[in-house]
Every structure is written in structure tokens, then in C-alpha cells.
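Chain lettering (A, B, C, D, E and F) follows the sequence in which the chains are written, and residue indices restart at 1 in each chain.
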Amino acid sequence: MDRVKTGIAGLDEMLNGGIPSGRHVALYGGPGAGKTSFCFEFLYQGAKAGEAGLYITLEETTEDILENMKSTFPMFADTQKLVASNKLEIVKPDKLDLEEVANVLEDRITSNGIKRAVIDSATMIRMSFGTEIEYRQTLFEFLSLLRNLDVTSITTVEATTAKREEMKYDIEHFVMDGIINLYNLDREDRRVRALEVFKMRGTDHSRDLVPFKVTPKGFKVYVGEKVF
Amino acid sequence: MDRVKTGIAGLDEMLNGGIPSGRHVALYGGPGAGKTSFCFEFLYQGAKAGEAGLYITLEETTEDILENMKSTFPMFADTQKLVASNKLEIVKPDKLDLEEVANVLEDRITSNGIKRAVIDSATMIRMSFGTEIEYRQTLFEFLSLLRNLDVTSITTVEATTAKREEMKYDIEHFVMDGIINLYNLDREDRRVRALEVFKMRGTDHSRDLVPFKVTPKGFKVYVGEKVF
Amino acid sequence: MDRVKTGIAGLDEMLNGGIPSGRHVALYGGPGAGKTSFCFEFLYQGAKAGEAGLYITLEETTEDILENMKSTFPMFADTQKLVASNKLEIVKPDKLDLEEVANVLEDRITSNGIKRAVIDSATMIRMSFGTEIEYRQTLFEFLSLLRNLDVTSITTVEATTAKREEMKYDIEHFVMDGIINLYNLDREDRRVRALEVFKMRGTDHSRDLVPFKVTPKGFKVYVGEKVF
Amino acid sequence: MDRVKTGIAGLDEMLNGGIPSGRHVALYGGPGAGKTSFCFEFLYQGAKAGEAGLYITLEETTEDILENMKSTFPMFADTQKLVASNKLEIVKPDKLDLEEVANVLEDRITSNGIKRAVIDSATMIRMSFGTEIEYRQTLFEFLSLLRNLDVTSITTVEATTAKREEMKYDIEHFVMDGIINLYNLDREDRRVRALEVFKMRGTDHSRDLVPFKVTPKGFKVYVGEKVF
Amino acid sequence: MDRVKTGIAGLDEMLNGGIPSGRHVALYGGPGAGKTSFCFEFLYQGAKAGEAGLYITLEETTEDILENMKSTFPMFADTQKLVASNKLEIVKPDKLDLEEVANVLEDRITSNGIKRAVIDSATMIRMSFGTEIEYRQTLFEFLSLLRNLDVTSITTVEATTAKREEMKYDIEHFVMDGIINLYNLDREDRRVRALEVFKMRGTDHSRDLVPFKVTPKGFKVYVGEKVF
Amino acid sequence: MDRVKTGIAGLDEMLNGGIPSGRHVALYGGPGAGKTSFCFEFLYQGAKAGEAGLYITLEETTEDILENMKSTFPMFADTQKLVASNKLEIVKPDKLDLEEVANVLEDRITSNGIKRAVIDSATMIRMSFGTEIEYRQTLFEFLSLLRNLDVTSITTVEATTAKREEMKYDIEHFVMDGIINLYNLDREDRRVRALEVFKMRGTDHSRDLVPFKVTPKGFKVYVGEKVF
């Protein structure tokens, strides 16, 4: 099976080599959980390895995203270079609409051979739907369109609670191919960050909850270490 | 009493020989709980034993399902052969509607002597109903139609919470003949998968919670092992 | 005081001899909790002792009920004979309506001297009411009609949660003369079935929670044994 | 201060002599908690001591109430005599309406010198109101009418949960002069009944939770005994 | 800073001398928590010290309030005298409306030099508002009017739950200058009363939870004693 | 990276030097949690260091705010001087509207070189929106406007529960650049105040929960001390 190496230290090991190629993964997390850093690293590592990446932002401007990338990781000193060489694109679609997102994605794949995509965030899309079934069907059709494209994607989803035990399953949990959860767990006197691969179609994977950190050298997952 | 051997290691033992023939079972589980693997195994084991099976998909395309089957189990190398020999059919009805599902099922039983069916999922149907009583009555009538057909079925239902203790009873719990629950339990530092037979009309059954795994050799239930 | 012996091993002891004659009892339980087995046993034991019984089904067909009776208890081998001799009747009213249920009941009492009745289930009736007070008044009037008839009844009610501690009081709790709860309790690695008499107007009763089993020889309550 | 001795063993001690005369008390309890037995005892003890009592029933018929009284307490053998001598009246108002209740009460006080009243139940009244404030104002005006009458009353209120810790304050909690709670507490393997005086305007009172029983000799409160 | 001594034993100590003059405090408590006793004591102690006080009742009649004062505290024997000498006024406004309350207050300050006021209760006002923001703005404007008057006030607010841990913040929590909470805590076998100063603008204060009692000699706060 | 030193003892250390310049931070807290003291200190310390500050109040009047500042901190004796010298401005916009807030802010930056701003509170704004997505988009556009201005801001948000574990993520949690939480934690016999930096884009930061106090000398964060 083809796999896309995320390049995130520790995570590829948990995934037995990487995300199965062509799969579409939801990345869940609360505010400050590290979703953006995870996505940057996924695209950056791809770009360094020669796979062009696209960041589709549905709320923040492209300038904000670029600014954020730079200030988060010193190593992103070469981000500008990656952008200049078209290995890293940031696009804000004109409309807050999944069809528009698919159009942007298809266009950039055709023009620039994009292999990795980040969609930030599904929550912005979902808010604009009246009923659950409408959103589910639209999201499902969107994924069907994506399956015809040769791309592996990560879509961020905003978690609504800090408590891991209280996770309710959302529509994305059932529809997406994979789910990676980022937690900012409450350990009495401090917060501890942890990651788990909750679901990944097409591959076996670790079911452990592991600590992670966002370091100046990037997003690190400490496989084999205990959170508790 | 006639019984349909699921062929799932361990499960038939829990059911004192298998699902009573002609019964209609709900399979509950969250995302990534293993519902699809369970259903594949149920149909695959039937097909290998000469009982033709039908997978009715209400969301994913037939191609997606076939693709998923192949990537999940290496042993499904012979799936193609089973499909070619009509021992395994995958159909997506034209409408998201229980009457249509019953029509498809009846047609395939008449034409191809289907003995086992999977309906994936009741949740897709339920979403389209306005009130509980409407859905309940429709589901009940659907089961009445099914009772006139010589088939044993499994219908997947999406669970809405990861916590076993918080299970609320849904309409399917009362209407269906049997309930098998798949859990992805939160054990502090990791997730543990477990299965229980919650209800099965027409037979006594184990009431234990037992661990299960989806291995390259198929879906295995570890009867006699402890989850906690 | 006149009492109706349920004939269920252990239960009559908990009730100091049986259900006070002419009282109307709600039987609460989740799916697979054993409500149907309890009701069968109540009618079967009555029929064997010469008291004609009536099973009023509001959802399943009379054929389904009869089929279920046979497959649940081997001892029901003589059910057919009881049905043939009019000691056991199963009726499905034309309408889902309490007035209709009362008519059926009155008619069968007049024609066949019915002494015990089962109404399965109140939940089906309740779903068709818009407001709580409407349902309550209708249920109350229904009970008033029943009080003029010489019959002792059990009405099943579907519980909505598996947790005994989370029981909310429903309208039936206040209106009916008695309440018997059947639980399918979560004991970490397995489910344990237990029964309690929660309320019984007109008699003192045990307030213990006791284990029960549905055995091939019938419904058994293990008075004096601990659940925990 | 004038006090009305309830005559219930133990309770008058908890109230430092009885309910302050002319006060209006809410009696909370779930189904089977013992509300009706409590009310019977309150009226019976008054009648025996020469104080005429009135039971205003808003749901059950007067015949039902009388029947219930007899079957609950053997000592009510002399109930009939009390009824015949007008020391105990049971009335069902024509309308489910607080103004009607006040009219009935005033009429019976004038005609028969009623000193103690039971209104069963506030829940029936409340269900017929659309908004909280409407019900509150009506209940308040009703109490104002009652304050002009020389009577001490107990109004039953149906509790909605079995858990003492989850008690939410209802409108009656704030408006009524006193609150007595009856609990049917969940002690793992059985239910234990307990009473507390939660609020009583115009007198100090015990704040202990104490066990109670409904015995053939009446309602007994075991002051000084522990529930846990 | 000017402070208004509440005169309540222990409380002034917790407030470092009293409520900052001209501040408006919310007094939270469930039924029977002691809100009314607290308010009586606040006005009584003021009146004894020469500061005229006004009790604005929005639900009960002025006669009820006076009656309650007398029956609660034997020491209120001299209440009548205080009322006669205009040191203590009880008024029920014609309308349930904050503007009306402000008019009454302003009028009594002008005519009678009122220094302390009690408004009982905000809950009555709140119930008449459709939306949260309307109520909040009206309450805020009301406080603005009050700030132009030379008066220190306590407004009672009805708490909706008995559990201290479950306190949700209400509009009054944010808008009022101070919050004093009265609890009737559930200690297994009995209820224990406790007080805390939750918020007080313009002064530092104790953050301890302390027991209190309503004794025949008045409202006593036991600073330095433990509740648990 | 440019940083704005908050001047709050301990906090700048937790932020590795201060809030990244030009970022917009949400300050969460319940009533009496210390939000206002925190904001005053932030502006006061800026003004003392030569950075002009603006307090935009959306509920209280400018006079109230000034009054509050004086009574909270004795050290604010020189507040008047700071106000006179235009180093500290307090403004109440004419409309409760984010566009109006942005106009005020831009105008004061142009006229008076404002570097630090406080907006008190987002909750007042949010209440006036019908749907979540409308508020989110408006808040987002507002932040976009702010990003064009050379200012660092703190916006207060009212927390709705006292329990840290029950924090639900609000729209502000996702949209704002940083989140600082102030807690008034329930420690059985008293309340303990604690602060955490929950999220801060563009800088690493402490994830500890640390105690804080509002002392006459200002807002102090006790880094390195335990809350539990």
C-alpha cells in the first residue's frame, strides 16, 4: 500500500508508515491544541521531500497564515523559499462552500501537482448548514470528489470540550477516513498535550494516547511515553 | 432451531451456535469501532460456506466498499472471485428509503438466493425522519417485510458516544431482534476494543464484555479474556 | 385481600402473596431486559391455573408474539393447547389508541372471562401524544375504565437508559398502581439482570434489588441473593 | 405560637411541636415514596383529635381515595365512621383549577369547620400552565386566599428524580411556607425511605435526614436513626 | 472608604468592616436558605443604629412580611416600634417593574432618608423578561439609577440548585457590585447552612465558606469555623 | 519578536517576555474573578511605561470605571494624573457594535497614539447576535480590522461556570490570538484564585495553573506556586 509520510516525528511510526495514500483525515482539537502547527508540519515536511502542498484557509487570510507559520517555527525560515518555488501554496477560496474548496483543490492539483492538502476548518463550513443530514450529505459528496483526485488531505475540526471522556461523535467522525485527536488535557496544576490516532481506514495503527510537544524544531510525538 | 453461523471466531460460541436464522440484528458502534470489518467478515464467511450475501450501502459507493474490503483484510484476496461468482453482491439503492432497501433485498433473494444481508447504515435512514414515531413505525414495517423473506441481516447503527455507561436506548434497540455492541473503550493511556451481545431474541447468549481485534486474518473475539 | 399469584418464582414472595387483585402494574425495562418473558410467564402461569389471559400487542403481530413465546420457553410446548382452549389469547387492536385497548379488553372479558391482561407497550401509545398532560389524562381515564373491569394487568414501558441511578420518573410511575423494574446492569465485564418492586399500592412489599434469570424453565427471581 | 400536631410519630418532634398553624406545606416525593400515606395519617390523626379534615383530590376519584385509605392502613377500619361523622371529607373539584380548589376549601370550612386540608397534587395544576410566571403568580394568589382561611394544609408535589443530590428547586419550593421531602433512596441492593424537613417558615426545625416506614400502625419517622 | 456595617455577627469581619457604601449586593440562596432572615437582620440592625431601612417586596404582601419578621425573631418585638417611628418601612410597588422599584426607592429616600434597602426578589422581575439581554440592560439601567441615590441595597435572587459545585453564573452575578451566597448544603444525613462572600467590588474580603445559623437572637456567621 | 510587557508580576515570565505585539487576547473569567483588576493593571503599567492605553467600556459608564479603578488599587492615586496627561483614556461607544468599537479604537490611535486597548466585554456584543456564525464572522472581521492597527488588546469574556473542568470552548476561544483564564476555584472551605495561559499564538508559554492575588499593590501571579 502507498503511504504518505507525515514527516511528524513519531506519528508515522504510530501509523505503521504514514497515512494511507489518498485518504482524508480529520484533525480534531480545541483552541491552542496545536492543530495549526500539525498542519504546517505536514505540509512543510512534504514540501521539503518534494511533494507540493496546499493550505486552504476558510477563515484567516493567507497573510495571517504565512505570518503564523513564521512565528511558530523558527525552522520555517525557509518557508518563503518554499512558497516562492511553489512547493507551498496558501489559498483562501472566494466562498465558504465545499464545492468551491473542491474546485480550488482540483485547479491547484492540475496546475501545480499538489499532493498534500490542508483544509482549515470543517467547522466554518458546518456552521453554515441548517440540518445535520444536509451537512453530512454535502461532506460526503465532497469526499467523493476528493477521491477522484490524487491527493491526501487533513481537515481541521474544532473540538467543543476539553474533556477527552466527553467526546461526542460528530458527523466528521463517521464520514472521514481517519481521525487524529489532539488534546490539551487538564492535569490539576497544568495542561498536558496528547495525541491519539482514533480511526484510520485501510491500515492498522497504534491505539495509545501519547504526549506531544510543539518545539522550535517542529511538532514531536513521544511514542512510548505515558501521558498519565 | 436453525442458526446462521457468523463465522466470526468466538462470536458463535457467545451466541450458542450463531444468530437464530431469520433474525435481524443491529450492530452498534462509534467511528473506527470495527462495524465494517464485522460486516465484511459476516458476509465473507457466509460466501465461503456457500451462502450468498448482499451488502446494501446507503452512503458509500459500491466501489468504495469493495476497495475498503480489500485494504482491510489481506485474506480478501479472493473477494473478487466471490463477487464474480455472485456469492457476494454490493448494491447501493437509488433512494435513501427503507421501502427501496426492502425491494432491493427481495429482488436479490429471488434472483440470487441471498441468505445474509448487511444494511449500512440505519443512521442514514433515521436522519431523514422528522419524528421518532414515524421512524419507528417505518422501521417496524420494514422488519415485517423482512420477516417474510428467508434472510438473516445485520444493520449498522452509529453510536453517538464513546462511553459505554452512557448508552441511551434508541428506537433500534427496542425494534430489532438482536443488538451487538462494539466499543472503543477509553483505558486512560489507550483505547481497547470490546464486544458484547446485548440482546438476542430467540436464544440465550453470553452477557460478558469481551475484547476483540481486527487482524489481517479477520475479526477475532477473545471469549474468556477480560477487558478490564 | 384478594391477590393474583404471578406464578413467577420468587416474585410472589416479594409481593407478600401476589399482585393485589384488580391492580394495574407498569413493567419497566430496557431492550433485552426480559419484559416479554416476564409477561409470557405471567399469562402462562395464570392459564395453567385456570385464569384466562389476554396479550394485547400494539406493535408486533400476533404471529410474531406466538413465535416468540415458543422460541423463548421450551415449556411453551403446550402454549398452542392453551391458545386452542381459549386460555390464552393474543390480540392486536386495529388502532393505536387506549380507548380501543379498553374496548378489546372489555370485549374479551365479557366473551371469555379474561382475568389477566398484558398491554405491550405504553411507549407506543405515549409516542402519539403531543403533550404530557394529554397523555396523563388519557392514561388516567384508561385506568378508570379498567378499574370497572375485573382484571389484573401488566403494561410494559420502555426504559430509556441502562443506568439504574439515572431513572427519571415518568407519567406511568405516578399514575399506575404498581411499578416493577427490570434492569440489565453494567458490572464492568458483563451485564447482570436484576428486578425490584418499586411501588405497589395496597400491599407492603420487598424493597430489595434481586437477581433474576430467564431459564428454559421460565422466569426465576432469586430472592435473598445479592446483585452486587 | 399555635401549632398543628401532625400526629405522625417523630415528625412533630422534628418540627418542635408541629406545623405552625395556618401554614401551607409542600410534600415532595417520587412515585411510591409515601406521599399519600403521609397525607392520610395527617388527616386521620387530626380527625381522631377532633379536627375535621378535607382531602381534595385532583386526579383520582373520591372512591379511589377511600379505597386506598382502607387498603393501606388496617387502622383505617374506623375511617368510614370518621367519614360518616363528617370528620373526614374527600372532594374532587369539578375543575382542575386553583380558584376552584379555594372555593371548595372555603365552602367546607364554612359548612364543616375544616381545620386540615390536603391538596393532591400541585403537579396536576402545574401541568396546565404555559409559563412559569403564570403558574407562580396563580399559586401565590391561591396561597393569599388560603391565608385568609383558618386552615393548615399539605399539598403534594411529584418529584421528578430519585436522586436526592439532583433536586432542582421548583416554584413550590419558593412560594410555599414549608417543604417536607420524602425520598426512596437507592442503597445499592435495596431502597431506603427517608424524610427531611427542608424548609418551614415561622419555626426552627431539625435539618436531619431520618428514615421512615409506613407500617400497618401508620406512618413512623425514626428520629435519631441514621439513613446511611 | 465609607462602609455600611451589616450588623450581622461575623459578616462585617469577612467584609473588612462592612459593605462599601453605595454598593448594590445580590443575595443568592435556595428556598429556606435564610435569605429573608438575612435581609431582616440587615434592616433591623440599621434601624437600631439610626439608619432608616426600606423593604421592597415584589411578591408577598407587606402584612406577610411583617408577620414573618415577628415570627422569625423574638427580638423583633420592637419591630413594631421601628415601623411606627418610620425607621423601618415595608412597601409593595403597584407594578412588577424595575422602574417602579426605583421610583419607590427614590421617593422614600427623599421623604424618609432611607439608607438601606432590600429588594425581594430579582427573580420575580427576571421572570417577566423575554430575552437575557433585555433583562440585563434593564437591570443595568436600574443600577445606574440607584448609583445616583445615596443608598446601599441587597437584592435577593433565588438559586436554582442545592449543589454549590453546580452554580452557573447568572446575569446578576456580573452586573451587581457584590454577591453573597447562602447554601443549604447536603451532608449525607443532614443539611448544613453556609455563607460565602463571592464577590464584592471596592473591597478585599474573606473567600472562606463559613457556617451560619438563624438563632432567636438573629443571624450569626461563625467566622473561623469549618463547614466540612 | 516584539512583545508587550503586561507589567503584571509573574505573567510576563509565563509568556516568555510578554504578549506578542499586535496580538488580541481574550481574558476569561466569572464574576469577581479579577478580570477588571487585570485590565486596569495592564493599562496602568503601560501608561507608567509611556504607552498610552484605552479602556472601551460597553456596559458601565466611564465614571463607574474610573471610580472602580480608584477603589480597587490605592496605587491608582495617580490614575487621575494619567488620565489628565492622556496616557489613560476611558471611552463608552455610542453603540453596542463591533464596528463602532473599531472606529473608536482607530480614532484614538490616530489622535493619541494608543498602544494598548481593553474591550470590556465581548459578552455584551455576543448577546446581541442571533446565530453563532454571524457573531463569529463579525468578530473575525473585527479582528482583521484590528490587525491593521498598531495595538495590542485584551477583550474580557464572561465565563458561565465556576468549574474549570467544565469549560466549553466558545467562539472567542478559536478566533482570538490568545486566551488567559482567571478562575475562582472551589476548594471545599474557600475559593482560590488561579490563572492559566491557555493559548497564545506566536509564542511558547507556560501551561501551568498558578495562583494569583489582587493586592493593594496590584495584580500578582505567583509563578512556581501550586494551586492544589
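Throughout what follows, a residue touches a chain if its C-beta (ideal position, glycine included) is under 8 Å from a C-beta of that chain, and two chains touch if they have at least 3 such contacts.
A quick note: this is a predicted structure, and the numbers were derived from the prediction, not measured.
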item: Intersection of the contact lists for chain A and chain F; value: none
item: Set of chains adjacent to chain D and to chain E; value: none
item: Classification of the chain A:chain B interface as same or different, half of numbers criterion; value: different
item: Furthest chain, CA centroid comparison against chain E; value: B
item: Separation of mean Cα positions, chain F and chain E [Å, integer]; value: 31
item: Distance between chain centroids, defined by C-alpha means - chain B, chain D (Å); value: 54
item: Contacts with two or more other chains, residues of chain A listed in rising order; value: none
item: Category of the chain touch graph - line, ring, star, complete, other; value: ring
item: Order of the ring members, counted from chain E so that chain F is second; value: E, F, A, B, C, D
item: Chain F to chain E touching residues, read off their complex; value: 30-32, 59, 61, 64, 68, 71-72, 123, 127-128, 158-163, 184, 186, 188-193, 214, 216
item: Residue ranges of chain E in contact with chain F within the complex; value: 1, 20, 132-133, 136, 140, 144, 147, 164-165, 167-169, 173-175, 179, 196, 198-204, 207-209, 226-228
